[in-house]
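Following: one structure in structure tokens, then a few remarks.
To keep things simple, chains are lettered A, B and C as they appear, and every chain counts its residues starting from 1.
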């Protein structure tokens, strides 16, 4: 998801798992409360005999037609090829083979490298910022300011963000001009129109996104845990190693993964900022689709898109695996 | 560290505002802003995006309110499935989705030529009002709308409320309209605002499918009139932020309003 | 995930020997002062706790009892005063080196560790071997009756079970002092009673010096050797439960502990005139004028009397004893405890006279209008 494209991340705050999910300290038997929220129910059938699941048909139909079907189409048609002479379409792995080589391979690697570095840097900085505002006991105002600003800035992506940076440190940017005319300096070899420049721009929405997702997890660390550990003779490091760290690891990984997915899928920002001078998969897909010259480039686009979906899928599976291993205690 | 981050986050905003109001040779001007309404193609693109936003909100709410309520009250077993499906668009690259949508749309000339289905496909792609964008934006908005509505449903004891209403003899549609929607007012507004902000900023899908919307218009204009496109960007940001600040104000009001 | 109700202990498991046969240590608080902004949480608190004693700190919220406990544990640094353990000044010793076991109000178990790992946590950070940790966790879980829950995670336990684990965890490191910070306040009434008795049983068995903070006077009176009543950061009285109940040193204590009727009275010749009879005064005599006599419900008696001034308003049955609310002239309503069996005729509406037992009464200044 590119916040520029998909706009909004405010609601992601609820995304962090709550490590403090212990049953409320009521006496008695937690099992007696029954399986969670299922109270007395009229069964899955309404009074007039209409099955309740009928009400979900529109939802599933919509999801199938506009989410699953297009992804399925990509997965299948990536294996179709068009003969350049007869224009007949046949089953072929040539598109798939093509996108694993040369410029396309470089684009994948470029996207992965950029997203990974941007995600990790943003995760570290965002985490540091979150720790500062959570621990600033007297800084209620600071905390409120940072959280509100994060909610707003996490959605500052895509086209407007690109233009804001162009106006600042682009070739004709205000800061660029200031440095050149007043101080006779350049940007020290830095170019906004490069991978590094793009990374710098991505951080602008990634850091707030990290703050938003991780603050709830930090707040869910109960002060009693720290005090209990101290009381039992643990040093600060021992507390973080045995309790704080393991409890925070899953939400931190989850948030980092979200940042990765965000920057990996980003297209609008890159398109508005660098055109196609930087090797990125999203830009290559757009190129392949807009090319009317090369026969079969449409299929190439599908193969590239399939690759993206698969890579995100791999990251998700890895995340789920880590989640399961680290969160046994929430089973 | 706070200072560096502060400069990093405030710098570009200040700089772009300065970029759009400085006058060559010194002084301040608002000409770029006053030129916006009359700019070539602006009104067209902006109004189209606005219309798309409203339609998407209607689609998402009509689809998700009954779904969320049904899952909460009657079909809690389906919750994990619904949750995963609605959250999928969060990690799925929109560009991959739109490539797929393009493939499916191209079936019209390839496979369904001359059938009513093909006409339907074409009808979805009218450049003046591309319904297909509404349908795809609905998918992209699902995670946000679902989370907002789900949080609202969990915040109140919907089961007791609806059972009370049903006990008093109200029909399900009536319960939905007179009990559920008013109770979820804040979350519904929340979901609607988030969806509007999303649609007003969406670039990828519109660009790949070749429609002109507000964001794609900004990029097209950017090449010839940098000041104009930056000032429009700032304006659109201001609108989005106002929406988001409104949401967070509503969020803050909620605990007192819905406390039991 | 199913968890059976907490087992009721008919036969208590024996405590590990190294925990049992130790003399309890003395804890002494000297002039503890703690200020939070403009709020004075501890106002020169002095308190001596003898070795092996179970002392309850009782008081309304904000009276400083938790602050005092946290000062003993080392979580809170007092602005002034000292904490002495066995005569040794530990005011500057960090919490992690104080050798005290603490049980918190709730949610203090480490969520990522199972029950046995939670109990053995103190030994783990002391780098004890795996076998020793497992053995110790087993012993302590036996002690609190949760040996069969060793591999559960905290969220799979009921609140009462969580607090038992917290107790086992606090005791596992063989602390010198056991500190309990309202450990029962988040539990259901029934579990609360059961667990407080169990805590007392274990405490007696171990002979460990224990400080128990609570706002519930019934809880404090039922388990403690002595109860200290705190008010605004100062001790009002420290006494055995029966002394506290029978001979409250101050009006505050009298009204905070147990139910107390307030009857209009007059001071006459150094005695008190209440309900038309004379009684000696316990404690201070307020200077002249109208005063209030503080009288326990069981010190009053009720007899049916068609000409009597009182009228029964409600009757609440609670087993052997029933409590009557009786309206007296002048808008005064009193609570009276009577034996249920002997008072079948005392139904609401009955006209009665109210009598006062032959014993000294406590007087309080009149309430401001």
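Going forward, a contact is a pair of C-beta atoms (placed from the backbone, for glycine too) under 8 Å apart; a residue touches a chain by one contact, two chains touch by 3 or more.
From a predicted model like this one, the values you see are computed outputs, not experimental measurements.
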Most distant chain from chain A, judged by the mean position of its C-alpha atoms: C
Dominant chain pairing [most C-beta pairs in contact]: A-B
Central subunit by CA centre of mass proxy: A
Whole-Å separation of chain centres (CA-atom averages), chain B against chain C: 57
Euclidean distance of C-alpha centroids - chain A vs chain B, Å: 18
Chain A and chain C: spacing of chain centres that average the CA atoms, whole Å: 52
Of all residues in chain B, the ones touching two or more other chains: none
Contacts with 2+ other chains: residues of chain C: none
Interface hub residues of chain A, defined as touching at least two other chains: none
Chain A residues touching chain C - in the complex, by the definition given at the top: 19-31, 222, 224-225, 227-235, 238, 242-243, 246-247, 328-331
Residues of chain C touching chain A in the complex: 1-6, 73-75, 94-102, 104-114, 121-122, 124-126, 153-160, 162-163, 166, 169-170, 173, 186-188, 190-192
Touching residues on chain A, where the partner in the complex is chain B: 1-2, 4-8, 10-12, 14-15, 36-39, 41-42, 44, 46, 52-53, 55-56, 58-59, 62-63, 66-67, 69-74, 77, 125, 128-129, 132, 148-149, 151-153, 155-161, 163-169, 172-175, 203-204, 207, 257-258, 261, 264-265, 267-268, 271-272, 282, 285-286, 289, 298, 301-302, 304-306, 308-309, 312, 316
Interface residues, chain B side, partner chain A - complex: 1-2, 5, 8-9, 11-13, 15-16, 18-20, 22, 63-64, 66-67, 70-71, 74-76, 78, 82, 85, 88-104, 106, 135-136, 138-140, 143-144, 147-148, 151, 159, 172, 190, 194, 197-205, 207-208, 215, 218-219, 222, 226, 229-230, 233-234, 236-237, 240-241, 244-245, 247-248
